[in-house]
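Below you'll find the structures, each written out as structure tokens.
Below, subunit A partners subunit B and then partners subunit C, in two separate complexes.
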Partner chain A sequence: MRARRGQSQLHKVESGDDLDSRRVSELKNIIGSQAVLHAPEDLMLYEYDGSVDRALPDAVVFPSTTEEVVSTVCWAREKNFAILARGAGTGLSGGSVPVNGGVVIGFSRMKKIVEIDLANQRAVVQPGVVNLDLSLAVAKSGYYYVPDPSSQKACTIGGNVAENSGGPHTLAYGVTTNHVLGLEVVLPDGEVIHTGGKPLDCPGYDLTGLIVGSEGTLGIVTQAIVKLTRLPEAVQTILAIFNSVDDAADTVAEITARAITPAALEMMDQLALQAVEAATHAGYPCDAAAVLLIEVEGLREAIEVQTEEIRDACKHHAAREVRVAQSEVERQLLWAGRKNAFGAMGRIAKSFYVQDGVIPRTRISETLRFIGQVGEKYDLRIANVFHAGDGNLHPLILFDIRDHEQYRRVLQAGAEILAYCVSIGGSITGEHGVGMEKSDLMPLLFTENDLTIMGKLKSVFNRDGRLNPSKIFPTSKGCGEIQVGKQWAART
Partner chain B sequence: MINATEQQQHIEVQAPSERRNGSGFVGSDAPRWDDYSRCIRCGLCLNQCPTYRELGFEMDSPRGRIYQMAQVDEGRLPIGESFVRHIDLCLDCRACETACPSGVEYGKLVEAARAQIEQHYRRPFGERMLRYLAFHHLISKPGSLKVAGALLRFYQSSGLEEMVNRSGLLNSMPRLCELQQLTPAIESPSFFPQIGKVFPARGSRRFRVALHAGCIANLAFARLNETTVRVLQENGCEVTIAAGQICCGALPVHAGLRGLARDLARRNIEAFDAQPFDAILTNAAGCGSTLKEYGYLLKDDAVWAGKAASFSAKMRDVTEFLCEVGLTAQPPALPAMVTYQDSCHLAHGQKVRQQPRKLLNAIPGLRFVEMPLSDLCCGSAGIYNITETEVSMQLLRSKMEAANSTGASIIATANPGCILQLRAGAKLYGTGQRVMHVIELLDPARPSL
Partner chain C sequence: MRVIQSAGLRELYDIAGSEHVIYDAEFLRQHGWEGELPKACVTPSTEEQLCEIMRLAQAEKWKVAPAGNFTKVRLGGVTEGIDLVISLRCLNGIIEYQPADLTVTVEAGTRLSALNAALAKERQMLPLDVPFTATGATIGGVMATNSSGPRRLSYGSVRDMAIGARFVTADGTLAKSGGKVVKNVAGYDIVKLLIGSYGTLGIVTSATFKVFPLPPATATVVMGFATVVDAMKARDRILNSPLIPQSLDLVDAAAAELMGQGIATESAYSLLAAVAGPPLMVERVCRELPELVRFDGVRSVSELNGEAERTLWNAVQEITPLALERSRQTTVVKGSVVLSNVGNIVARARDAAAQHELQVATVARAGSGTVYCHIWPARDGDAPAERIANTCEIIVREAEQHGGWATIEWTTAEVKSRLPQWNVGDDFAVMQRVKHELDPEGVLNPGRLFGKI
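This part shows the complex of A and B:
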């Protein structure tokens, strides 16, 4: 919906040279005719991801090997096209939307689990492997891959690496970067580098850490070595129900203050609960002001104690009810509700715009109050579903995509919420990435010097900015300036 | 190739409120904004979609197909070769409905899209003729069906088929060779003579039920239909094979022939309307799903809407019904390892998942083992295995890998189409598993396997 902002110098350098039939056949020679899409009716399917942004690519290719990725990248360099990697297109910040056109490299054919090494607790995977498929592949052996973004049944490891994805259970175990040991990366000039490796610690600069979360602007990951973690002996899932949002929020801080670290600590407010319950029928109370979904795991004896502590903390803050899931089925259902929450918004609104602000977990209640005020100010409904333990908010601003004027208010409201998060010591994104959506807000968080050094670093890998252009860094003057692109504004 | 700037102008669209004129959808039975706009493109359906898993193209994912419908409605994409290709490739298995948190009723959308294709797109001559014969004559006219069945049976049992196979005549025609593999064996005698009969309950009568016997099933699954009647009788049901019944219309609905489907629906409603049954049953998940949706199919028909809704309300899959009322006839012991393939139109279409499993677990000696991804389509999907054989076979190969991994010697399922497909799969990619309907395993008269 948001426009391609400023056509870059890339991809149109040689005038009149678009992806003509000669180039299409060149590409097909490189990678096979069944692996190239170039017709407009196909390309329009690659103009979107899970966010509200849109832009058309010039071609989409589907390599099967690292060599084919290299060939494609070299071809694009020669012809001066922008390049962008795409996993499943579930991202929420426009990370895989080709703002400047160019060649999209789709990884749906590189989805092999190359190696599972249980004795050393690691796996080698291609970037197109679906997050949950990896966990399922090792579940019988008692292992799993920890980062569990809500889209885990569809999103890919490659996309997770690009966005440094989190998920409910990253509260105790850390985000993607804490679970990636090494990467094979194709740089935009066609070089292949290997960062990190199978050993748990590698000398030299932590290039793996640099690439993870770089949103596809430093290189294209073609293989990842990831950690596998033992499944806990026991898991307990607790649903605490509150009649006041403040009470729920205060409980979050109280749990941490009591030195309990749950594996997950999630919060949903009333509007979110209504959508979630309609979608999953998990038994969430639609009349509650807020609920906390808390999970503790570890040794059987330890979690009994922790559960009691948590129950006590909830009661201390006037929880109306504290329910412990009585069976694995009930537990899965509660989580299905939480993990399907974004998608469930389709039941109460035509579109949503999700923000990903981070705040100190001690300031949840005042921030939620502020979000409520922003909603009133702009006359918008806002649902909240978020990783409370991490202070990682996800206000879902609901709107109708057909209402152009309303959409403008949505963007304003979103920016205002993020500015508030930064002002109280937080950040503009926790796990969804900056993408094209929040790039103009980066100056809220970083000084010019900060941004300059990042830009220099980027140019070491991505000299001419060919790789996923117009992402992360501000492209327009004046921070927080919101523009609705004309040509997309009326579109779904 | 148009350049990007032109492309942008080309695709610039009016706001939806103004765009009705520009919409590629015309007339009734079209995907509507209110329905498809529930898709917010989260993508959670992708990995659940058999065609996306196999092909890896967004165009062949549920999210992508819905997006294409939206683009047609906005006048940005024509109902042309590309749109038709991707909508044709959909199995209509509705696994995406199970995955969708937003509650998009994808089956209704794709069926409406196909209705639009049927109205506004001219298929190649051969395809048109085949579709006409198959839908308007074969399945919807019992007379033609009987003749076709007799011819096919002659081919299969006279030694002609064997001769053709030995002659290598089909080797030069791989397409016909594939089709022959998937063609059902015609059973003799057929089930047609039973239509109109009433079969008394064994022992005291607990329920009065009616059976919808299908169309092709009367020829290819006559024994399964008899077994279904017998199992119901043994479990205290008086079974009426209502006279005047006809094809349920599932295949026409899936193909976008909603007019024909409505005609068939009215005839079935009339046939089953004569007596007050406790339930109307089917042993075919694909038929059941459509029979349960007669209410939706005829919702705009002032005369039939009410009757259609009450017909649908009585409709049950036979496994669903038996599980609900409980077995009174103990099935004979079966000391074997059995796995279960969810039929898409039972699991995703009718949300019936646990009932067949419970029935299987009630069989003494049976060891039940789940296969991975049991609710992923086997590639049968009505006539999909005949129209899209290549993708269908890819799906079947993956399905059999999952089935093989369980070590089960019997694959149970609940739909004749799946049975045919899985039997072919067991031969081609399996370990020689037997493929049986759940009902056959419950049969008190089942010979030891």
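This part shows the complex of A and C:
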């Protein structure tokens, strides 16, 4: 289910013979003829990610080594093309959409787990490694890679690093930046650097920490050193069912107040439940106002105490039922329902637009009420599936992409919700990134000074703005971006 | 009292108020200041004052050393030609604390101990158990030096807890990065850059942290070993089990003696495992840990609770200041290595020290790979700068050989001048460009950071 911005058909697909065959063969010479896509019908597959924006690249290349990435980057520099890294294209803010065209560097041929170093609790991976594949590769040894975006069956470590992705289980153990220790990065001028390393506390500036979450605007990650974590002894999954959204929200605060940090603390409201049940049949109650999906993990003794506390907190806030998953099958089913929730929206709407605002976790009920009002005001249905434990909302605004007038209302409603999040001390994005979608909302959070300093840092890495242009920074603040070739054809 | 000659210095007076400017900064010597004394030391009371002072510094072409409570003046490189020291000790206080949100925003001059006292009233904590807390370490100083402590094994270090910061750049611009909510990916994470930058990129004025509930119960298991190899075998087994404690430190007998912790002086090496959580869980881990490692040559096992436990961990946390008091020559080498190299570093430091007739007391975060070797002369009156420098170099090379690093955190100016050039990575040029972009005139703390950025 992908929503597309009707009016933003930025690039009409040109007829094939408009492409400059000399340039194509240059690229093919660099990284092999099988590794270059340039036919319009192929390029169309790379004009979007999981968000609503789209734009057509001039070419897509699939390097298999860091050297090939460097050659491609140097070639693009000489020929003045924009460049952009792309993982699985599951991003939700237009991060891998080539706004001005240019060359997209895909990582589907760089998906080797280079090294698993269990003794030191590290793995070295290429950027195209799929998130879940890493955890699966070390599960037998009793380890896993903590950040688990709901898209983990598809999304790549490269994309995770760029977006500083979170996931249901990052509440207790931190998001991507807390699990990435070193990077190999190709800068847009062809320089290759290695930041950090396997040990902690690399002397000098923490460039790793700066690059993680920079949304592919500072460099192209060609290798990452990540932390592996010991699997817990036991896990308990609890489903708490509520007849009122406020009660569910208050329970989230109560759990925190009782000094419990669950491994995961997720919330779904009624509309979301209906979609999820229709798609997954996980046993979620469709008549409930909201549910909390809570997971505690660790040593058995700790889990027992925490489960009892959580049960008590839920009851205290009038939970209709508190169900503890009785088997691994039941647990997996509940999580399948949650993790497929975005896709499940297809059961109840043609398209959806997902927001990623963050609020202090004590302000959930009032914010959900506000979101309800926004839905009424703009006559839109909004489902909520989100990381309640850290206040990271995901309102899913349902609509029909063919209805342009409705789509306009969707964007307004989305912006209004984010402005509200900021007004109560929150943020416009907790894990999906600013991308092209929210760049014009950055001034809600940041002053001119803040953005100028970020722009200076960008210029250190991405001198002429050739790498992933028009992202993060408000359109008025190009920060040294040069005009790079819009369309391949237009440049000859 | 020196005569105030320049108009710039008088202006400082106007900005910060007479009681907040010290022109005769002789007191800095007591804190270990090594270079020529600065023209003045100023303690601004507001962010605005700090911005004005930085603008003045820029106009006057002054070099500036930011400071907090002066606990770590001598840590790191020797600064060159500092004109002005700016202490943030008056920018101190909790700006916003929402226990229910588990977040706190504090001014950078706030003492860590004061912050934790306030958090404790709500049964919460900022689990930064860093050295110099007892003598007044401030939040800003902890961030700038990326200080960490035993509990980094379970809670991480400053970079894992700080979620936002406000800072003033070399040209007097006030800016921020991050925010006040625990999850936030809007904009570049400049907070990460500031942490460990030794005040060379900007002066942090306030920061927001995730805070954590105090654990309901704790206990510590002390396990003695005859060799570091045995201790590391036991460490591996513990880390590879579900019984991972909240801290797991290795101390050698010399360190235990320095700390006055008799319990760990019996064995050549002791593993200290702090366990925290619900009482039943703590009981179980304390019971099972010694069983788990029984074939790894464990010689003795004891359990500590209450006051004895607190005293032990306080001593571990504060061993660096203790070692610095031991001798004027004390040198502290911090190794950052992979887990499998912790034992090698410890052994190498021991052998190198013995070979150079030096004492060494080592504490290692055995579960994180951070090793602190405290080195001082075996005989009083010895002047071993050359031998200390050689010992440092041996440790540095050992760490580097296995993909790690070692930095000389504390030493005398004499030793510093003898240390070899840093081996810098291929990202060093980018670090220099970052510095140049944010501080083109090199105003902030020149020479203080690794590699003299």
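One rule holds for everything that comes next: the second predicted complex is superposed on the first by the 456 of 492 C-alpha atoms of A that agree within 3 Å, B and C clash if a C-alpha of one lies under 4 Å from a C-alpha of the other, contacts with A are read in each partner's own complex, and residues count from 1 in each chain.
Here is the rule we go by: a residue touches a chain if its C-beta (ideal position, glycine included) is under 8 Å from a C-beta of that chain, and two chains touch if they have at least 3 such contacts.
As the structure is a computational prediction, the values presented were derived from the model and not from experiment.
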Subunit B and subunit C placed together on subunit A: clash or fit? fit
- prompt: What is the contact status of A:106 with respect to subunit B (first) and subunit C (second): first, second, both, or neither?
  reply: first
One more residue to check, A:45. First (subunit B), second (subunit C), both or neither?
first
Between subunit B (first) and subunit C (second), which does A:459 come into contact with in this model arrangement: first, second, both, or neither?
second
After superposition on A, vertex subunit A (C-alpha centre) with arms to subunit B and subunit C, in degrees to the nearest 10, comes to 130
- Query: If you stack the two complexes on chain A, which partner ends up touching A:78: first (subunit B), second (subunit C), both, or neither?
  - Reply: neither
With the two complexes superposed on chain A, say which partner A:328 touches: subunit B (first), subunit C (second), both, or neither. neither
**Message:** For A:279, using the defined touch cut-off, is the partner it touches subunit B, subunit C, both, or neither? Pick first, second, both or neither.
**Reply:** first
### Message
A:189 in the overlay: touching subunit B, subunit C, both, or neither? Say first, second, both or neither.
### Response
neither
Item to complete: Quick one: classify A:166 as touching subunit B (first), subunit C (second), both or neither.
Response: second
Shortest distance over all C-alpha pairs of subunit B and subunit C after overlay on A, integer Å, is 21
Both subunit B and subunit C touch subunit A at residues none
Per the touch rule above, subunit B residues touching subunit A in the complex are 1-5, 7-17, 37-48, 52, 56-59, 64, 67-68, 70-71, 74, 76-77, 80, 82-83, 99-104, 372
Subunit C contacts subunit A in the complex at 98, 100-103, 123, 146, 148, 152, 156-157, 159-160, 169, 173-177, 179-190, 192-193, 195-197, 201, 212-214, 216, 236, 239-244, 277-278, 280-281, 283-285, 334, 336-340, 368-370, 403-405, 407, 422, 424-431, 433-435, 437-438, 449-451, 453
Note: in the complex, subunit A contacts subunit C through residues 117, 119-122, 142, 163-164, 166, 170, 174-175, 177-178, 187, 191-195, 197-210, 212-214, 218, 230-233, 253, 256-257, 259-261, 298-299, 301-302, 304-306, 358-362, 387, 390-392, 425-434, 438, 442, 445-447, 449-454, 456-461, 472
Per the touch rule above, subunit A residues touching subunit B in the complex are 4, 7, 12, 16, 18-21, 24, 37-42, 44-46, 48-50, 56, 58, 62, 88-90, 101, 106, 108-109, 111, 128, 130, 132-133, 136, 151, 153-155, 278-280, 340-347, 350-352, 401-402, 404, 487, 490-492
